[in-house]
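Some structures to go through are shown next.
Note that chain A is present in both complexes that follow, paired respectively with chain B and with chain C.
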Partner chain A sequence: MVELAPKSPLAGLVPVTVGRMTLTEVDLGRLTSVAPYRGRDEGLSEALKAAHGIAAPEPGRVTGRVAARASGRDEACAIWFGQRMFLLAGADPDPALAQYAALSDQSDGWACARIQGRGATQVLARLTPIDLRPAAFRRGHTARTELQHMAASITRLGEDDYLILVFRALAGTLVQDVRQAMQGVAARGGG
Partner chain B sequence: MRITCPICGERDRREFYYVGDAVALERPDADAPPEAWHGYIHLRDNPCGVTRDLWYHEQGCAAWLVVTRNTATHEVLGVALASDEKGEAR
Partner chain C sequence: MRIGGEGPIGRGRRIGFTFDGRAYQGLAGDTLASALLANGVRVMGRSFKYHRPRGVMTAGSEEPNALVTVGRGGLQEPNLRATQLELHEGLAARSQNRWPSLTFDILALNDLASPFFGAGFYYKTFMWPRAFWERVYEPMIRRAAGLGALSGAPSDLRVEKAWAHCDLLVIGAGPAGLMAALTAARAGADVIIADEDTRPGGRLNAETIEVDGVPGRDWAAEITAELSGMDNVRVMTRTTVTGAYDGGTYGALERLAPEVAARPGAPRECFWRIVARRAVLAAGALERPIAFANNDRPGVMMAGAVRAYVNRWCVSPGRSVAVFGNNSDAHRTVADLLAAGVHVSALIDARHDATCSLDVPFYPGAQVSNAHGRCGLEAVSILTPSGEEKIEAECLAMSGGWNPSVHLTCHMNGRPDWREDIAAFVPRPGAVPGLVAAGVARGDFSTRACLQGGVAAAREALTALGRTAPEIDIPGAEDSRYDITPIWSVPGRGRAWLDFQNDVTVKDVRLAAQENFRSVEHMKRYTTQGMAPDQGKNSNVNALAVLADATGRAIAETGTTTFRPPYVPVSIAAMGVGGRGKGFAPQRLTTSHELSVARGAPMIEAGLWYRPSYFPAPGESHWRQSCDREVLMVRNAVGVTDVSTLGKIDIQGPDAAALLDLVYANTFSTLKPGRVRYGLMLREDGHVMDDGTTARLGENQYLMTTTTAAAGLVMRHLEFVHQCLRPDWDVRMVSVTENWAQFAIAGPKSAELLNGLLDAPVADADWPFMSCGPVSVGGVGARLFRISFSGERGYELAVPARYGEALFRELVARAEPLGGGPYGMEALNVLRIEKGFITHAEIHGRTTAFDIGMGGMVSKAKDCIGKAAAARPGLSGEEREQLVGLKPVGTVKMLVPGAHLFEEGAEAVSDNSQGYITSAAFSPTLGHFLGLGFLRNGRARHGQRVRMVDHLKGVVAICEVQDPVQYDRDGGRMRG
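Then we have the complex of A and B:
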């Protein structure tokens, strides 16, 4: 019988360190997309609170402690993930949620990375068209947007600290593009 | 050009996919006369001025949008969720 060894999406690709910036892999645990049925939003949020201790996030926001989860803490958080959808991370979804929303396991679908360190904001500014200024994109804000040409989820965890999700198949491209931008920022004395 | 998605806020044009005239929301009934289907499928105005288009926030929240804009000035006059414009029908 063949023994299959699990391999994380960014295994062998990270960490990448350039100047004071690091790109690392994050283990968010179980990932489940949660898409509420029409008229079931309130019930869903209540069920989510009862089962996992967090509310359903509003568009562009997160609930729970995403930075703690990204740092390896075993707790659940939710990241808004698109129109009428969010991503439940770090918990096996309570079966009761299925009354209120379509649940889909995405655990193996996403490469989850974190870029940290002075210059990280400048790196992302080279790759995404969203407004990253602190007044517009605060800690706990999240966006579905473009990263270079990839569809991405970007969440701000701190001043120069971001969580980035892209499709697992794009893991290599993600690391290549972010590394290149890190080198560009560092070369100009920004990192 | 920037489009203000009702869900995501103001975003760069590159995040959106242009779909075409918002007439696509006015699908005729299945038993409508052939002229209605001919108009729906083939006939489009080419306005110099205000027009309504369908756009898709492909690299964002994945919402379908109705964008009202001016083809002469490139001004974007309004953006609405297609689901709000169309309601729950169909």
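Then we have the complex of A and C:
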């Protein structure tokens, strides 16, 4: 039988360390886009709680401990992912969910990166137009937005700690853009 | 020269620099302008048109004369204002617009010919002969007139962009701005205070004014320290707010300090987009010159600038200084000069009723009428009530009053209001939503009024933000009255400059009026006043006052020209940060990218994707060799190509079938699970939008495939149809393009290759043409589709993208022993042309289903988007250009895409065009060129001959019209 070796989206591209900031790859486990059918939002949230212990996230929010999941802990979390859609991460979706929502496997579709360290917020301020002030974008807040020229999902995990998702095929551009912004911030003495 | 004094420059560190190759020394804290003045350098530039020697005139970003170039090659930056350029070790600045040197400039001959060079000269003179304009006159004029130049090399300057968000943006950090920021900051609002200077304080850094009993600059430093220590405040120095835009967004250009910009990886500039809920404009004012003969001589400076050089940089611009003004600032200037020990040769006050308490020769009611000394001022002539006098002076400090910096308030089409009492334009309230002006920018001239105005503006903003303003003490400061008697130009002979940067004089503006360019906007364009890098900051009001006088109107009636962003020059590099080279667009790479590149495949762009063009084999030196080999390889053995770039949309829900029936011309609700169908999608206007195959994976789940180019377009279309047209339908869709790596395996040996790889082989009985289903490869769950874009037996195998690279490697390695291998886009294109399969070359947006021969696919049994519009007269029938196949049958054996088709005997002109070729390639399978194209009534013309003419390449070929499917017409090879 043929043996196919898997390759992660950011393999060979990270880690990148500039100053006190690092960009690393995160394994969020199984990723499933969950899009509730008409009028099934509440039922979905209940089923999600029953099966995975988390509620469906409101727009711009996450449920579950995303930071722990991003650190490799085996637990499920959900990241709001667009109009009436969220991304279930770190769990094989319970088959019961399928009656409430369209489920699509996205495990291989996204490059998942984490930028951490003093200056990370300033780095993102060079790449994304969203308001990253602590009061406006708190821990557990998430946004679908732009990162330089790419569509991205950005989630705040901590003060200077973010989860970034872009299309898998854009992994190289992500690393290039983030590295350049990191260098600029570090040179100013900001990171 | 440097003088003693208590300016903050003190006994700064010595810094070596060069100007035009000559070495000088300055002090830390100097600008290039202050350092050059300290070294006695008076000529710093040449004027735009007449090449007149020019010295520094101001001490800020409005400087019109002292423009220099730094850097070489890719690091060259022209037109930097010496007044803003921070001195740093090794700075090598060069003067501009002179040849051979700054002190001896041959083109200064233009100055002697000035009587001929007035406004409109070029329009009137270089009219004939007509062809000479582009080839002779324009290059000549451009060479003679100009500013600094770019090197021509691609820029290596590193620039970044950034966003910032705040509750209150304070523009300008003078007394008003600092008080506004302090008030808002103490109320807990997020504050950004931006100032273009290297240190906050505004005019306080240049004056001897006291605030709260201490020197103004010390007070400013104290407030700045408090602000900098607060978490909710960001103090941005060296940052010019350049534009006001919709939604409370402001553009701002930050110049990094030279020592920071010199660090590895550091940008030189940063272009900010600041989003603010409210804004306070405390940008101060710009002092305006007075027009008199030869008022552009080096040494004639703005009085406020002279005070800045004396008080801040401890530099005297001359051994003896004459002061000329029409307001009380002239007296302040004299007092500061005397205190610094500089000899003042005269105080010329244009106000007849002025009195003077200072111990200097005083000339009330007098005006300066001329300046003497070509490369440096030597003396000025003055007109007094008792006659003309000549006074020796190396510097003339002049003040014609102040123009509040209203520019940003005009960026959203606002117009400023004229205030007669201060002879200046002031911002019209509400001109920019959410922005209020404060301090001098609003027309409040005393320091005390500025401090108060800042607090008041902040209070207004805080109320709007729903915050309570704290009690705040207004510091004590001078509260003198601004007393001005306007003078715009002094009568007399000789040229009196208005726009120093563009060499526009009083005479030019009068000429414009005389030639009936009476509107201020027409005058501006006729004379070029205000069109230089300073955008008329120094000349705008004077020029329109002269125009008002010449046309017998009031200033308010004459109005002002339009201020547009940016407030200061901003390089294109700063505005388009990140868009250079590969930064222009992200690179979307397939999982097989690295292996393809390693095999020497040239990559071509398809949207954001990169796809292999062909895979050169040893000994192949031309792409055609590789392409022909790859085509025959697929026809005779097996080929592998990455098709992951095609859009894949997962559509689920009880109404999924209904959605597909609506968006596709043909029917999908009848498709059985496990089967695939080709679908054609129309736009609302009846033309073809896209095509592709859609598989039914389950009762309520379809997987739609789009073309690479239209993946985003189709996704958007589906969302539109669902959200806007049929929100009642229960259907959800999401892109899964990135999740799957998909490879086409095509050729007679494709089943053999596939079955060697799959965990369980597939048999034709279970896997007929257009079937699909799950399979397993090395234990990995995969999807298999039996479809073909080559016309051969073909499969597409999709695996989760993490296995894409490994699968591609495996497929290629196993194909080669079978006489197969990878194939690229060129071969893929030839294979589909042979089969008459369409791409966006054919469905280019102007073709209908009828045109491409698929009219029958538009289902009669149901409605679909585009069906009604496609039935409009003119979109089908004999007069339409219809898809045909073409092959050359004359002596020329080549077909060219883009060429037009004509009747054999007809002249090849557009009126006679019968159609055009959309795709053409050499078919190694058939041994000749093949084309696809559109020909009027083409389907009825199979077997006829037409003439192909490519006017661009000069190729003419006789072709025979035939069926678009030119190979294996019954599809036996494909169906197996």
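Convention: the second predicted complex is superposed on the first by the 189 of 191 C-alpha atoms of A that agree within 3 Å, B and C clash if a C-alpha of one lies under 4 Å from a C-alpha of the other, contacts with A are read in each partner's own complex, and residues count from 1 in each chain.
Quick note on the criterion: contacts are C-beta pairs under 8 Å (C-beta built on N, C-alpha and C of every residue); 3 or more make two chains touch, one makes a residue touch a chain.
In this text the structure is predicted, and so the values were computed from the model without any measurement.
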Touching partner for A:R144 - first (chain B), second (chain C), both, neither: first
Touching partner for A:V14 - first (chain B), second (chain C), both, neither: neither
Touching partner for A:P59 - first (chain B), second (chain C), both, neither: first
Chain A residues touched - chain C or chain B, whichever exceeds: C
Contacts of A:C77 with chain B and chain C, given as first, second, both or neither: neither
First (chain B), second (chain C), both or neither touched by A:A47: neither
Partner chain in contact with A:P129 - chain B first, chain C second, else both or neither: both
Contacts of A:Y37 with chain B and chain C, given as first, second, both or neither: second
Partner chain in contact with A:L4 - chain B first, chain C second, else both or neither: second
Intersection of the chain A residues that touch chain B with those that touch chain C: 38, 129-131
List of chain A residues in touch with chain B within their complex: 38, 59-60, 82-83, 129-131, 143-146, 151
Contact set on chain B toward chain A in their complex: 7-12, 14-15, 57-63, 88
Complex interface listing, chain A residues touching chain C: 1-9, 18, 33, 35-38, 84-85, 101-110, 122, 125-126, 128-133, 136, 148-150, 167-173, 176-177, 180-181, 183-184, 186-189
Interface residues, chain C side, partner chain A - complex: 158, 160-165, 190, 256, 260, 263-267, 270, 273, 275, 578, 582-583, 585-591, 608-609, 650, 652-654, 730, 732-734, 736-741, 757, 759, 777-780, 799-807, 810
